[in-house]
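You will see chain A twice below: alongside chain B first, and alongside chain C after that.
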Partner chain A sequence: MFGQANVLAQGQAEFPPSVSDFYLPSILPWGAENSFWFTKITAMVWIAVGILIIFFLASYRNPQLVPTKKQWFAESIYGFVRNNIAVDMIGHAGVRFAPYFTTLFCFILLTNFFAIVPFFQISPNSHIAFPALLAAITYVMFNYVGIRHHGFVKYFKNSLVPPAPWYILPLLIPIEFFSTFLVRPFSLAVRLFANMFAGHMLLLVFTLGGFAMISANAWLAPVSVLSWVMTIALTFLEFLVIVLQAYVFTVLTASYVQGALAEEH
Partner chain B sequence: MFYLAAEGGGAADHNPILPAWQELVVGGIAFILLCVVLMKFVFPRMEQTFQARVDAIEGGIKRAEAAQAEANKLLEQYRAQLAEARTDAAKIRDDARADAEGIRQDILAKAREESDRIIAAGKEQLAAERATIVRELRAEVGTIAVDLASKIVGESLADEARRKGTVDRFLSGLESAGAR
Partner chain C sequence: MAGDQKPPSAGGPGDYPSGAGQGWTALSYLIGGMLVWGFIGWLVDHWLDTGGIATGIGVVLGMAGGIILVVRRLGTPT
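And now, the complex of A and B:
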């Protein structure tokens, strides 16, 4: 963003935007190109973690039976994930997963939300490292839960062998293995990453496109304005995607856990 | 700045589908910290609060039901006692009325008996007095009559036996005349 700000300030908008627009120079050491330890992205992750911790601890420091407004808000976030995701998907046993699902949901929602907050304007989840990390946790979690619940052999038998005639099993078992154990974590990570990546890219295209046109030819100014109006419209779309992807990630995690716990295939 | 680098083939430096391991580490630490804090200090307490709330509501309902039941029981008890007291009062009244009636009857009977007795005694006394008087009168009338007759006749009627027979005959004649 600092780079973009400079670019815009100097009226030298680079168009079209490229992948490198997602890799901003590091903050510490200042301006380093390939240092990832302390960048705007990691800073935002820490900020998100800090905001969530402070918000929840502050609003739940002194819980009352009759909740205050803040406490009610914190409770309704947890209650939403607990009742509408964990219990709905998994059933009564889902309550014990609700704390993790809520943490996951809040983390993704807030980090996604940075994509449309002024001066942040990029989501950490547009770097695949964070979605990949969360997907890996989900992957380990549903397998662990399944193995603990069923035992190693029964879990894999449940997961891999569908109730089908024996002669079709040689076809089905590899497909099941591929979809459950290979594709799942990737699809989970890539879905979130690609949505946030594409959202940021779209906003960049329309914002920078406006600058590119107006600096190319003053007569294109109305088109530039149209381009910026599109940016605003797309920001609303982006908001929808932000909430939806956070929800989808959590629901899919719950669904995988439910599948691992299910008695039959 | 970086856009110069990007122009110089910076895109080739960053493959967006390959995670940077530094970001994995940082993200992992941050996310685990978040998980630990929220899952340890916040959400379990929320569950406790939910449970406490359920208990409070259900407990309140139960307490209210218990109080209602007790009130109903007391009301029933009072009603039963009241009905009992009413029955007792009615019984006492009836008894008293019956007693009073009995006493009245007794007193009346006694009074009647007493009056009968007094009347009988009076009659007896009267009869006795009358008999006495008659006897005295008879003796006196006899004497007086004899005296009178002696004076009138002038002769001494000394003969006891004759005199007695004469007087008695006279008196009998008087009595039979009176009875007629």
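And now, the complex of A and C:
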């Protein structure tokens, strides 16, 4: 981090930024080349997990009838996910999924939020591995829930055979299969990943671009300042994207579970 | 619960329409239709050497299929 700041001050930062900027140096062993077992990204994921566990344990350790501020905050998050996502999308059966959805929402929100926290400044979700794993959990979950609710044959019949005359079914079933079982996990993962990746890239371009211009020609200093002002504006845009993507991921998971549980159409 | 006392539209991400899931489903049907049948058409193209005609037919069929699916799956009020 501080090395980064030094590089910026000396005007040595590479411009334009590239994908390699997402691969941060190894922490353990310190500074090792091409070792990605424990990097800043790994550390951030564990910090996020730790913060969430400690926060929810601490805010519910001594619950009050009139909630304390911390308890109110935790209950608001849970209440929001339970009422506005789980129950809204799935109905009463959705309450039993609310704990997982809350965990998912908080984890994505917090790891996304690292993208604009000073000194963290990159989201683990800008590496596709993390969104991909979350999408895989969603995929396994909605299929498992559907199979357990309907039975194997009925579940696949429900989700693959749309209500349509038999002679267009051959046209429709491949599309159903494609969009339900192939595209869903992929689009879920890519949507989150691409948003966080692009957000980080944009901030890099405008920050490093400012340095690149000011060190290329002192007359470009006003444009550099403009570029940094844009960085600040884009940080606010990032915040919007962060919250929205956490929400969208959770809502889509809920909607897939709802689709798996739905009775015949 | 404390969160229940908030008015339903307190601003923020909660105002995102709850039909978001349906929106994505519709989009994935429309695009998926074109891709699946376009790909099948492309395979037929390579098999029979029809120079792109089968791909075109496949894409159009897939679009039609996607639209039928959107109407059938999402069109009827629940």
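In the analysis below, the second predicted complex is superposed on the first by the 257 of 265 C-alpha atoms of A that agree within 3 Å, B and C clash if a C-alpha of one lies under 4 Å from a C-alpha of the other, contacts with A are read in each partner's own complex, and residues count from 1 in each chain.
The rule is simple: a contact is a pair of C-beta atoms (placed from the backbone, for glycine too) under 8 Å apart; a residue touches a chain by one contact, two chains touch by 3 or more.
Values in this document were obtained by computation on a predicted structure and should not be read as measured data.
When both complexes are overlaid on chain A, the residue A:Glu75 reaches chain B and chain C alike.
Applying the stated contact rule after C-alpha superposition, one finds that A:Phe22 touches chain B and leaves chain C untouched.
By the document's definition of touching, neither partner reaches A:Phe156: not chain B, not chain C. Touch criterion not met for A:Phe113: it reaches neither chain B nor chain C.
Once the two structures are superposed, chain B and chain C can be ranked by residues of chain A touched, with B on top.
Shared-chain residue A:Glu176: touches chain C; no touch with chain B.
Residues 67, 75, 78-79 of chain A are contacted both by chain B in one complex and by chain C in the other.
In the complex of the two chains, the chain C residues touching chain A come out as 1-4, 6, 12-14, 16, 18, 20-22, 24-25, 28-29, 31-33, 35-37, 40, 61-62, 64-66, 68-69, 72-73, 76. Contact residues of chain A toward chain C in the complex are 67, 71-72, 75-80, 83-84, 88-89, 162-164, 168, 171-172, 174-176, 178-179, 183-184, 187, 243-244, 247-248, 251-252, 254-256, 258-259, 265.
Of all residues in chain A, those touching chain B in their complex are 3, 6-7, 12, 14, 18-25, 31, 33-37, 41-42, 45-46, 48-49, 52-53, 56-57, 60, 63, 65, 67, 74-75, 78-79, 95, 98-100, 102-103, 106-107, 124, 127-130, 132-134, 137, 190, 193, 197. Remark: chain B residues 1-3, 5-7, 10-11, 13-14, 16-24, 26-28, 30-31, 33-35, 37-39, 41-50, 52-53, 56 touch chain A in the complex.
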